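Just below is one structure, and these are the notes that go with it.
For clarity, chains are labelled A, B and C in written order, and residue numbers in each chain start from 1.
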Amino acid sequence: MRSSSRVWRIVSFLSFVTTLLLLCGFIYAVKDITYPSASSGMELVPSTDQKDQPAVSPGQTGIVVIGDSLAKGTGDDEGLGFAMRTVQLLQEKDKNQEVRLFGNLGINGLTTDSLSEELKEKGVQYMLKEANVILLSIGGNDLFNGGQALENGDDLPTAKELNASIDAASVKLKSVAKQIVAINPDATLVYIGLYNPFSDLQEMRSIGNTAAARWNMLALETFNPYRNALVVPTYDLFAGNVSKYLSGDHFHPNGEGYQQIAERIVQSLN
Amino acid sequence: MQHTSISEQRDSSGKTVLQVKHLKKKIGKKWIIHDVTFDVREGEIFGFLGPNGAGKTTTIRMLVDLIKPTEGTIEICGFNVHKDPERAMGYIGSIVENPEVYSYLTGWENLEQFARMLQGVDDERIMEVVEMVRLEQRIHDKVRTYSLGMRQRLGIAQALLGRPKLLILDEPTNGLDPKGIKEMRDFIRRLAADGMALFVSSHLLSEIQLLCDRVAIISHGQVLAVGKVDELIQNNSNYVVWEAHPRESAVDFFANKRIKVIDDPEQILDDSVMAGISPEAIVTQMEGGQMAEFVALFTEQGVQVQSVYKINPTLEQLFLELTEGESIE
Amino acid sequence: MNSIIPLIKNETVKMVRKKRFYVILLVLLVLVPMFTYAQMKISQRNQEKFGSDWRRSVQQAITDNQNSLGSARIPEEWKKFRQVYIQQMKYYLDHDVNPQQPGAVTFTREFMDNASSLFIPLLIMGIGSDIVSSERTAGTVKMLLTKPVRRWKVLLSKLITLIMFVSLTVVSTFVICYGISGLVFGYQGFDMPVFAGFQLQGSNVDLSAVHALPQWLYLFMQMGLIWFVGVVVALLAFMISVLVRSTAASIVIMMAALIAGSILTNMASAWTSAKYLFMVNLELTHYLSGTPAPIEGMTLGFSLAVLAIWGIASLVVSFTVFTKQDILN
């Protein structure tokens, strides 16, 4: 008898208090969701963990990849892309060095324009700042529209159109380069040059070759002024090896193709 | 229908506690209860007799407000059960069918539960009813460890908590051993002696006969007879079996004295009773008091009486009697 | 009997003695460590990949979602989810706030968020589904209803008790979750900021009213919303419990409805009238976190209205049926 009275006192008290609390919480939540206001809420104290330690410790290589579908690794059946393959190769080469991929910011279909927007994102900036090697692949979508024309059977770009695209994109490439260097002047910036994905198409071979060559020249000019920047050519890798190194979509490299690019990157990083 | 109500005018000393008038209940399209009328008075033990399926439980459920009657009224101490259940139910204690209590609580906790639903029932009163049903020893044990008899007693304790004027017990001796049955009867009598009215349902005539002052007999949803138990039995079914020699003379005597001789007793008496009766025997229907008269007559007239005995009518016989009486007349 | 408090006391004692609530606590004590362990594994994996740097991990999540937006194979609704997610994560990055600050409070917040539509309703169903039907299965309902107490009062006392235990369930989930996950993640994080006030317009997020809340306040509101959902689920389980005699059947019915709800939520966007079903509206906490509702046109107000209508309707049904119903067995 005593025990059931005690149970009742405890349960009724607790449930009364919790019900009241939950009801208040409910009312408060409805109010907060229905009439949200930026002025309510707490003051944000800037977090203190920012840069309490350098992201890259000595003896560590931190790589960030940024750019288009090539950067992401589209077409690689193993899903590694040149990013992971570069990390693996570097690690093999120097066992004492800890090589890590901090992040892969490659986004399918990214153009110089949209990359420039991306670079304004705080998170992107933060990641670039942390890295000591930045791998950049951009421009393919500006020129060849990501091979869309090929897939959709649209008209392929003419030489004149390509030239116009190159002119426009190269200007933006300059500003992209400037942005990246501004974000992290100390990191090694590796730009992956363009190849001509259409070298097995009769009507596009020479046009594409010319365009890729011209773009790569302009890229070289763009990155030359920067002490830590370099351009890795891929044009010659793919010329004549298109069937061997390209994936099923005739535009992106396959695993083997990415491996070749990665090897070039590793060589250039010496 | 033949209503036997001699006793009703005679014995109206007590105040009416329960009054049931023209109670009817339809479930679906079927009338389960046709027309039930009776009343129960202070201090009496009222039997409610009928075979299983006669409508006893349905009627009891209407008495305690578990089922709403389709027609008719039930009043307890003047309060309509369905219009004013809060007051009417305050005068009743009941067990409907089995005494179902919370098996995960102790006996005491069960009583506490029910006490909280009543007014003016404190721990003292709980202790009082526990002592009445003699459960002191086990009252703080979980009910799931109780025997059926103990549960039955706990059920009664629960029914008594609110000091009811009327106690409704549905087949109170069901499932009890002979000792338990006897204790239950004594207990019920004691309660009645204290002035409580008891309403006891049963399908056993012997039970009712032993226990009750008055009885209502129900079959197929209809009350066939209400009255004092002894009178009902006297008036309806008194079979006397005679073994006499010569048989023919005896039959003639009976015919002369307008005593009914049953030609085909196996129609009325059930097999177990028939087995003990010789084929030569004469089954008659007469008042118990007439037996001696006839024995004297036979001896006088040289008819040899080998044996004579009364058969206590069973419930089935009484029913057959009641329903047949209806169809014959 | 005027006061309902003794009746609530009865129901509370029964609920506790029946050990239903212990079962719920036990379920939580078994399951929460499992979730905690799984979360610990996830954080360990993240730690390996991104070090202790949450910004990198958030940015990578953003990029991954951006990539999947480009794919033509992803359904439009999923894209909407991802677009909204990207915008929210960017907001967190812009304001240098970790959306997943490790700690017991964050874990609890996310656990409660995921538990609101199925797990907690299932627990509540466990206590609600048999609150009336068990009395009928055991037959004890006869004892309850033959007391001088109106039926609606008996039912109301059960309802109030149920709501009391809904509150206790929600709070216990929080306490157990915080207590156990704190062992692994540490007990800190109550004053960490969380953003609320994301207003969704299609796949766009209006950031104008976004404000930071300390996590304790966020949890406070989140639990309030879960409580409301719990009460509505309890009302529905309550109705089923009144309508269906068998406890097993009533649990199955409620469980089927809840699980159907969680399936529908994932695929109902094409069938827009599904938004009038209660089980699609259980994720009230998503309005707080700014996760898009499963069906176009659902807002907090809408969901609250749908839930309230279902809740009130089941109350009306429960009380009408229970007070009119014949208790036949």
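Definition applied: contacts are C-beta pairs under 8 Å (C-beta built on N, C-alpha and C of every residue); 3 or more make two chains touch, one makes a residue touch a chain.
Here the structure is a predicted model, which is why all the values come from computation and not from measurement.
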| item | value |
| --- | --- |
| Innermost chain, taking as reference the mean of every protein Cα atom displayed | C |
| Far-end chain from chain A, centres as C-alpha averages | B |
| Centre-to-centre distance between chain C and chain B (centres being mean Cα positions), rounded to whole Å | 56 |
| Whole-Å gap separating chain A and chain B, where each centre is the average of the chain's CA atoms | 92 |
| Length of the line joining the C-alpha centres of chain A and chain C, rounded to whole Å | 38 |
| Multi-partner residues of chain B (each touching 2 or more other chains) | 109, 112 |
| Junction residues of chain A - those touching two or more other chains | 4 |
| In chain C, residues with contacts to at least two other chains | 9, 13, 17 |
| Chain C-touching residues of chain B, taken from the complex the two chains share | 27, 61, 64-68, 85-90, 92, 94, 96-98, 100-105, 109, 112-114, 116-119, 158, 162 |
| Residues of chain C that touch chain B when the two form their complex | 1, 6-7, 9-10, 13-14, 17-19, 138-140, 142-150, 324, 326-328 |
| For the chain A and chain C complex, residues of the former touching the latter | 4, 7-8, 11-12, 14-16, 18-19, 21-30, 32-34, 36-44, 46-47, 50, 55, 72, 102-109, 121-124, 126-127, 130 |
| Touching residues on chain C, where the partner in the complex is chain A | 8-9, 12-13, 16-17, 50-51, 53, 55-56, 58-60, 62-63, 66-67, 70-71, 89-90, 93-98, 163-165, 167-168, 170-171, 193, 196-197, 199, 208-214, 217, 220-225, 227-228, 284, 287-288, 300-301, 304 |
